[in-house]
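Quick heads-up: structures coming right below.
Heads up, the next two complexes both have subunit A, just with different partners, subunit B and then subunit C.
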Partner chain A sequence: MTVDLSLNYFALFGLPCQFNIDETALDCAWHALQAEVHPDRHAHQPDDVRRAAMQQATRVNEAYATLKKPLARAQYLLELAGGIDAQRLNANTVASEYLFEQLEWREAVEETRRANDADGLEQLALRLQIQTDAILTQLAEQLGPRRDFNAAADTTQRLMFLDKLRRQIDDALAAIDT
Partner chain B sequence: MTYSNKVLDHYENPRNAGSFSQDEEGVATGMVGAPACGDVMKLQIKVGKNGVIEDARFKTYGCGSAIASSSLVTEWVKGKTLDEALTIKNAQIAEELALPPVKIHCSVLAEDAIRAAVDDYRKKHGEK
Partner chain C sequence: MALLQIAEPDAPTAAPPKHRLAVGIDLGTTHSLVATVKNGIAVCLTDEQGRALMPSVVHYRSDNGIDVGFDAQNARVTDPRNTIVSVKRFMGRGTKDVPHIEAMPYVFEETPGMLRLRTVQGSKSPVEISADLLRALHTRAEAHFGSELTDAVITVPAYFDDAQRQATRDAARLAGLNVLRLLNEPTAAAVAYGLDNAAEGVYAVFDLGGGTFDLSILKLTHGVFEVLATNGDTALGGDDFDHRLYCWALDNAHISPPSDEDARRLQMAVRAAKELLTLSEEAPLRLRLASGEEIDLPLNRADFFDMTRPLVQKTLAPVKRTLRDAGLAPADIKGVVMVGGASRMPHVQRAVAEFFGQEPLTNLDPDKVVALGAAIQANVLAGNRQTDEQWLLLDVIPLSLGLETMGGLSEKIIPRNTTLPVARAQEFTTFKDGQTAMSFHVVQGERELVSDCRSLARFELRGIPPMAAGAARVRVTFQVDADGLLSVSAREANTGKETGIHVKPSYGLTDNEIADMLRAGIESANADLAARALREQQVEAERLLEAYAQALATDGDLLNGHERAAIDALVTRLRQAAAQQDPSAIADSIAALSRATEDFAARRMNRSVRAALAGHNIDELQHLQP
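Let's look at the complex of A and B:
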C-alpha cells in the first residue's frame, strides 16, 4: 500500500476535516500507516521504492505531528479551509487589552521563577490550562459549525501566546528542578 | 546565532526600562505583540505641554533583538515631536543594531510600538 501524497492531512488518516478530532482514531490510523511505509519494511527493495517509502513515512509523521497538537492543527486548518496563512497569523492585530494581560502573565512567570517557587509555577500552569481549554472550546466553535475563519484566526493568535507561556512555565520548572 | 555588540549592549544595559503610571499627565502607551515568537512589547511616552516627548519607558518580553530594538527606540524618541517620532523607521533601527534578516521583525515591532504609543496619546487628547 502506498500513501497518496496529494491528500490533506485529515484525509490521509481518514478523519473528517474539522478542528475537534478523535485522538484515539488519529493514533490508530498513524500507527497503521507508519507500519505500512516504515523504511525498515522496504530495506531490501530497490532504491526508488525505498526513496518513495521514505518520502511517504516523512509525510505521515509530519501529518501526525500537525494534527496531534491543537495549535498546529488550528493553523493547518485555517490555511487549508480558510486560506489564512502564517503572515496573517503573525500580524500585529491582537487587541492591546490581551497584550497587557500577556505582559502581566510574563511578569508573574518571571517573578515566580526568580523566587524559585515551584508551587507558584504549578499554580500558574493550572490557571493557564483553564484559559487554554476555554480558547480551544471557542476555536472548535469558530472552526466548526460557524466556519468563521477570521474570528478563528484571532483566537489562534491568542493560543499562540498561550503556547509560548506554556513553554516558558515548563522551562522555569525545569530550571528549578535542576 | 550571535548578537551584534550593540544588541548585547542594550540587552545588558537596557535604557529606560520600566513603566510610567498610566494616569500620569502626558503619558501614553503602545502595546504590540508578535504571535509567532510570542514577543510582547510595551512602549510608553511622556509628552510635555509643548508636544515634545520628554521621556520614554519600555518593557519587553522577547529575544535580545526585541529588547534592544525597544531600548534603542526609547532613546531615539526623546526630544522629538510626535510627528518626528513617527518618521523613525524599522530599517534605521535594524541598521543601527546590525540585526540579521531573521531578526528584522523585531525592529518592525519597535516601529509599530511607536505608532501605537502616538495613536494612544492622540486618542486620549482628542487629536485626529
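Let's look at the complex of A and C:
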C-alpha cells in the first residue's frame, strides 16, 4: 500500500514531530482513523476489503502504541533522527556513571520481592515514577530544543531500565495478589 | 480525459443495501441466548413457551436422537453420562485443565489437544457439543424470521485464550453460522449498558458467569468503547460456588462416593439452594436419593457466605491486576456494571461495593445483557446502520503471546492488553550452514516458563534458501485479528521468498478435521450437500457484486479505463456463473473478481484514511487541547 504507509507516525495522526505531544489530540485522531479503517466497519464487505482494513487498522494501532508511551515515542524519534536503531539500545548496558544507581535499584526490588512486601513494592513503584518523570523532562529537552541525540540515546537507555524495573514490580505485585 | 459514469442497463447499480438478518448469541456455561435487533430495539428471541434462556444442556439419546435445552434437563438425572452440562468449561482444554473433573459423571478421553467425551453416540468433542447448542439457537432464530439466517456475533469470555476462541469459532462453523465477530462478553455488556445510558467515562464490567470470570475496564468517549485492560479466570464461576456447597453437603449428609445419578440430584439441589439464598435468609437442602434415603440439611445465608468467601476473594485478584495494568485506582472508576447470573449473589455485590467504594450498577438483567449487546453489534456488522450512527469497539488481547527461546523461557512478542488488531514481526537467523528449516513454539500466558504458559502451536518453516550460518534472515509476522485469533506468516528477507509454514495447533482442530465433521454432520442430517454448496456460493456472489456496485458508485474514479474494463469483464463472468448450477465455477469467478479488486480496495481504504485525516488537521487538533 502506498501513501499512508509511508507517512511517519506523527504525520499519520496530524501531529507535530516532537517528543511532547498533546495526548487528547492523539486519542482523537486515533479514534477518527479507526472509525474509518477498523475491520468492524467493513465486516459485511468482501474478503479483499476486509484484508485491507485489517492491515490499515493494524498499522494505525502500531502507530498509536508507539506515540502513546513516552519510552516508545523516544525510541521512535531517535530512529527518525537518523540511524540510532532502537533495537540496539539495550536495557542492560548503561553509562558507568549510572551503574551504581541501577545496582541499588535492582537490589531494592529483589529484596522487597523476596520479602513478599506489597507495601514496600508500592513504595518503590512510587519512587520509580518520580525518577521516571524527572528523566522524561530531561529527555524532552534533549530531543527538543537542544537536539542532542547522543545524550538522548543515553537517557532513553536509562528510561528502558526503569521501564523494565516497573514491569518487574508489577509482576511481583500480581504474584502476591494470587 | 475524465471518465463519465454511464450505467448500462444491466450494470450493477448501487441499490440501497438490503436489511440483513443477523443475531447475537451468548453461548454461556449454564444458559445460552439468542437476540436480534427488531425495529431498532434489541430483543431476546424466545422458544415456543416464551422462554429466552436455554439451558446449555445436550442429551445424546441411545436411539441417536439429540435433545437440547429444557428437553434435555430431565435426562441430567436419569442419564448423567450422556447428558452434558457446562461444556464451555471443556472448550480448548485438556483433562488436566478442568477443575473438579473427578466429580463429573462423564467418561473423558485424553486426546492430543482438546479432551473428548465418550457418549452413547460415540466420542464427542466439546466443539461438536457446543455446535449442538448453537444449532438449537440457530433453528430458534430461523423460526422467528421465517427465513434462512447465517450471520452471527458469538460472545466469548474476554479472558478466553486463542485455543478457546478457536474452538468457539469452529463450533459456530459446524452449526452453519457465519461468524461476523467473536465479541468479548464484558464488551458486549458495555455496549448494551453504554448505549442505553449514554454513559461517558471509565467503567468496569464485573462479569461472573456460570463458569468464567472477567473484569474489563473500558473508557467510553463519544461513541468509542475502548477497552483499557482486561483480566479474569476462565475456570471460576457460579459452578464453583455450587461445587463448594456440594462438597459441604456430601460431608454433612455423610454420603460417601455417590452414584452418578445421586451426584446429579445433589448438584441440582445445591444450585437451587444457592439461587434461593440470593432472595431469602434460609434454604434448607432437601432431597431424596435413589435408595429412598431422605436428606434434610439446614442451610442459611451466613453458612453459605462463609464457605464460599475464598471464591469471592479470588475474583478480586484479577480486579487489582486490571486496575494496575490500566494505571488506575478504584476511585477512578465511574461505575461498575454487574453481569452474569452469579453476580447476583449478595456477598459478591458487597465485596465489589467495598473494593470500589460505590454500589455496583445492577439495573440491567445480568442474564440477558451480553446477548443484547451482541445483537446490537451484529446489526452494525451486518451493515444495517448508517455510518454516522455507528460506534467503535476497540478491544484488546487478554494474554501475552510469546515464543519459546533457549532454556524453555517465553519471550513475549505481543504483550497483554495491546489493542487489536495487532501485528508484530520478529527476525530470526539460521545457526548452521545450509540450514533450510526452523521450528517455533508459540505460547500464550504471562509466566516466564514455557511450561507454565498455554501451548498454542508448533510450526516449522521450510524452504529457507541454503546460506551460510547467520546469513538467512527470516522475518516471522504474528497477526492477531479483531477476534483475538492468531495467524502466522514468514518470509526470508534477503530473497523475499515466502517460506512454507506448517502449523500444528497444540489445541483445537485442524481445518481438515472441521471439514470432516461438517461433512459427517450434513450427511447424517440427510441434507443435500450439493444444493447447500450452490446456495452458499450464490449468496456469496450476490454479496460481492452488491459490494462492488457500491464501491463503484462512491469511488469509481479511482480506477482508470483499463482497470475498470478488466474488472467489469470479471463481474460479467461472475454474474453468468451465478446463474448456472456449478458451485465451483462460481467460487472460481468469486476468487478472480476479489483478486482483481484487491488493489482497488486498498486505494479506497487509503482515500478514507486521507478523508479522516483531512477532518483533523493539526490546527483543529490543537483546539482540542484542554
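Following the convention adopted for this analysis, the second predicted complex is superposed on the first by the 167 of 178 C-alpha atoms of A that agree within 3 Å, B and C clash if a C-alpha of one lies under 4 Å from a C-alpha of the other, contacts with A are read in each partner's own complex, and residues count from 1 in each chain.
Quick note on the criterion: a residue touches a chain if its C-beta (ideal position, glycine included) is under 8 Å from a C-beta of that chain, and two chains touch if they have at least 3 such contacts.
The model shown is predicted, which means the values in this text are computed figures rather than measured ones.
Asks: Does subunit B (first) or subunit C (second) touch A:Ala43, or do both, or does neither?
Replies: second
Asks: Of the partners subunit B and subunit C, which touch A:Gln102 in the superposed model: first, second, both, neither?
Replies: first
Asks: Looking at A:Asp163 after the superposition, I want to know if it touches subunit B, subunit C, both of them or none. Which is it: first, second, both, neither?
Replies: In the superposition, A:Asp163 touches subunit B alone.
Asks: May I ask you to decide whether A:Ala52 touches subunit B, subunit C, both, or neither, giving the answer as first, second, both or neither?
Replies: Touch status of A:Ala52: second partner only.
Asks: For A:Arg146, using the defined touch cut-off, is the partner it touches subunit B, subunit C, both, or neither? Pick first, second, both or neither.
Replies: Neither subunit B nor subunit C is touched by A:Arg146.
Asks: After lining up the shared chain so the two structures overlap, which partner does A:Ala32 touch, if you call subunit B first and subunit C second: first, second, both or neither?
Replies: It touches subunit C, and subunit B stays clear.
Asks: On the A-aligned overlay, A:Asn61 touches which partner chain: subunit B = first, subunit C = second, or both, or neither?
Replies: Touch status of A:Asn61: second partner only.
Asks: Which chain, subunit B or subunit C, ends up touching more residues of subunit A in the combined arrangement?
Replies: Looking at subunit B versus subunit C, the one contacting more residues of subunit A is C.
Asks: Determine, under the contact definition given at the top, whether A:Asp22 touches first (subunit B), second (subunit C), both, or neither.
Replies: Only subunit C is touched by A:Asp22; subunit B is not.
Asks: Quick check on the output: what are the common subunit A residues between the subunit B footprint and the subunit C footprint?
Replies: Correct list for subunit A: none, the interfaces share no residue.
Asks: Quick check: in the complex, which residue numbers of subunit A touch subunit C?
Replies: So the residues of subunit A touching subunit C come out as 1-4, 12, 14-16, 22, 24-25, 27-29, 31-41, 43-49, 51-54, 56-58, 61-62, 64-65, 170-171, 173-174, 177-178.
Asks: Could you pull out which subunit C residues touch subunit A in their complex?
Replies: Subunit C residues touching subunit A: 17, 20, 180-181, 221-222, 224, 226, 316-317, 320-321, 324-325, 377, 380-383, 387, 390, 392-394, 418-423, 446, 479, 481-482, 543-544, 547-548, 551, 594-595, 597-598, 601-602, 604-606, 608-613, 615-618, 621-622, 624-626.
Asks: Would you mind writing out the residues of subunit A in touch with subunit B in their complex?
Replies: 86, 89-90, 92, 94, 96, 99-100, 102-103, 106, 110, 157, 160-161, 163-165
Asks: If we count contacts the way the header does, which residues on subunit B are in touch with subunit A in the complex?
Replies: So the residues of subunit B touching subunit A come out as 31-38, 40, 42, 59, 61, 105, 109, 112, 116.
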